[in-house]
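Heads up, there are several structures right after this.
The same chain A turns up in both complexes below, where it pairs with chain B and then with chain C.
== the complex of A and B ==
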């Protein structure tokens, strides 16, 4: 079933002269892990806001087109209705913290209480996400006394705990340490395997190449391309969009090492390694 | 005399929870990166250098002067710092005023401050945003504004706390060039980052901070060779380094070009 349907979406912020989204159309199936990439100011965050309904319900401005989230029309449903189906991790974790609660534990509980989740289940979920994001030690801490990366972990934890059908993540690992990023990508991947639909904006190209089922390349308010990573990172004009192909792709490209079956260059470490080893064996 | 000397530095936000556990370091002119796990104490450390926090124990000397004996205002003339979260730094409602605040604050005249600010904004390719409100701009742009402000101050020591957050390919190149140019001009540049590929490209020296202690300190080659220690500190080697290691090369390659050149010579 289609989880997300976007048809000819156009949007202009109030006071702005230009369209931030210039007629975007795409569809996403349930359980897909979609990576969104592109230059700064391409409209990635604006698209995220449009998926969760902050555009046009919070950010007014000019809006046309149609966005359907799990069968609900975004224009016809308010944000709190939509939030039962779709959650978002904002680009700046600072904006995510509600400031309504005193501790990390309560901050996570806040969203669950609002959803009316029963107490036992609430506790179970909080413990799970505290462990998943390595925040157990900080559960009694004031959220504003966390390091940048810890705050970002809290933002991710709060949304994962709510287990919405669709999760939008706007550069969720930008302040995480390397192993923390890897763990988050793995956790998000396993959510997508459980059937949760993922829309994730990222500048970490190697990670997107490894984990996303499909990649959406955005530029100047439009979707330029939407395809599997191997096809997206094959494009000669990627740099024009502020994106550099994964280093594994670039290395194999320079050495002209392709996957013989698909005729495409590898995009991940594992695949590049295997193809390079085979290449050496064939030479000797 | 080293520009920065840190002696047995200890720091706690609250009693019984030591964040920095006795650091001894000197910095002179090498472009240095500090890497480490979330919560390792990186931001805390640079806030101490800048005098925004006071050591619980130990001393920090900036150009021979103990930070506890000079005012934050005096220190600001020596050290410029780009905050991890631009929202902690930005408080003016116009981009140009925000950028000029730092230079004016350390005593530059109106004309000089304005000139330096416009030049810095041009370098960040933000010349068309001078009259906008920083809060109407995206996170990546706000970060560049805070960088412009620090560049306009033209301090002798420059600290970047995670400058590449949210930057696209071009933004990262721009910041990389700025770090290199500042270092070439003889400034002491200290950069905190989680992007190991970026760290490998910009740093002469890399310091690994783990749970408030320095566990590695050396050239980028030396540090990124130590995969075992990096892993224990929740870090990893740069992507190209990981691939080359897996392919069985003994050398630590830190850049794609370096590897391609080596292969060419090998054949």
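== the complex of A and C ==
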């Protein structure tokens, strides 16, 4: 089933002269992991906000086209209604903490209380996400006492507890140290294994290559290309879009080491390693 | 422990477990009664009752600084009323050549007792109730959840902002900005400080507003509360006692 359908989406921020999104169309299937890449100001964050309804309900402005999330029209439903189907995690873990709650446990409950979820179910869901995001140890801590990586996992947990079918991650590790980033990427992988559809904007191209089923390349408010990572990273004009293919892909390309079956260059370390070993064996 | 603005003292006592609404009622009743029954012994009696509750709650030590602070105010009440109260006639005593009058002193005593009474009743409320619990209780009673949110987040965000001010100040100092010295220096140091703080908190506020939106903050569903407090029979008993005492004092006022 189609989880996301975007048809000819155009959007301009209030007081702004240019369109931030210039007629975007694409579809995403349930359970897919989509990576979104592109240079600064390409419109990646704006697209994320348009998926969860922040555009056009929080940011007004000029809006046209059609966005459907699990059959719900974004324009016709408010953000709270949409939050049952789709959640979003932003860059800054600090500002995603409500500051109204004193423990990690209560922080996760915040969204569920607002949705009117009954207490038994709330507790069940909190226990589940504490486990899924490996936060059990911290459940009685004040959220502000967590490290960046832990805080960001709390932000993810708080969203996942609301049981969305889709989660949007807008550069979730860009403000974290390497250890915090690794924690968060592990967490995201476990979400993917749970069958949640994921849309992730990320600068760390190796991570996109490793996780994404398909990659969306954006530039200047448009979707330039939307395909499997191997095809996207084959493009010769990537640098024009402020993106560089993963280092393994570039190395294999310069050595002309391809996957014989698909005729494409590898994008992950494991894949590259395997092909190189085979390449060596064939030579000797 | 992350800082929150709160005077709450964690203890495991009966007083701590009393419903926060009842504690608010207790404050209201003990402020009202000395006004309904304006006899000195009534206020004194209420003070003694509040002190016993504070002792039971094991928080009396935290009240002492409060009382010390109010002593200055009380002392000035005694002096001003003792010297200048409108009804002053009967001389009480002299200090040097200054005369204190009985009427004024008596009035000052009544006033002081009322102030201490209010102070202690409030102390019970703020020292034995978690602010979050209090706010949640009020939201359940119909306070707007938005207003409740503003209150409870302010308790945590204000200390966060203070520490942001601290680190920006350190950063500016390390770039050679003078932040200490006479008033002119301090005022000059204020501007490079306030810019980042204000900009930072404006951006943060917008980001947090978005994060709240996507957590269904503006949902029209009826909210649930994770910390649903079991209604104890004692809650109702306490409420009944408070109302009876209040009614009794009104009846007494009418009869006497």
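As a convention for this text, the second predicted complex is superposed on the first by the 250 of 284 C-alpha atoms of A that agree within 3 Å, B and C clash if a C-alpha of one lies under 4 Å from a C-alpha of the other, contacts with A are read in each partner's own complex, and residues count from 1 in each chain.
Keep in mind that, in the parts below, a residue touches a chain if its C-beta (ideal position, glycine included) is under 8 Å from a C-beta of that chain, and two chains touch if they have at least 3 such contacts.
Only a predicted model underlies this, so the values are computations on that prediction, with no experimental measurement involved.
After overlaying the two complexes on the shared chain, residue contacts for A:92 are found with chain B and with chain C alike.
When the two structures are aligned on the shared chain, A:254 is found in touch with chain B, with no touch to chain C. In the superposition on chain A, A:58 contacts chain C only, with no contact to chain B. When the two structures are aligned on the shared chain, A:122 is found in touch with chain C, with no touch to chain B.
In the superposition on chain A, contact is made by A:112 with chain C only, not with chain B. In the superposition on chain A, A:177 makes contact with chain B only, not with chain C. Of the two partner chains, chain B and chain C are each touched by A:145. Overlap of the chain B and chain C interfaces on chain A: residues 92, 94, 145. Chain A meets chain B in the complex at residues 15, 38-41, 45, 91-92, 94, 145-150, 153, 171, 174-182, 203, 206, 239, 242-244, 246-248, 250-251, 254-255, 269, 272-273, 276-277. If you check the complex, the residues on chain B that touch chain A are 13, 36-39, 43, 84-85, 87, 136, 138-141, 162, 165-171, 194, 196-197, 231, 234-236, 239-240, 242-243, 246-247, 256, 259-260, 263. Looking at the complex, you find that chain C touches chain A at residues 1-2, 4, 130, 132, 148-149, 152-153, 156-157, 160, 204, 207-228.
Of all residues in chain A, those touching chain C in their complex are 49, 52, 54, 57-58, 78-80, 83, 87-88, 90, 92, 94-102, 106, 109-119, 122-123, 142-145, 155, 158-159, 162.
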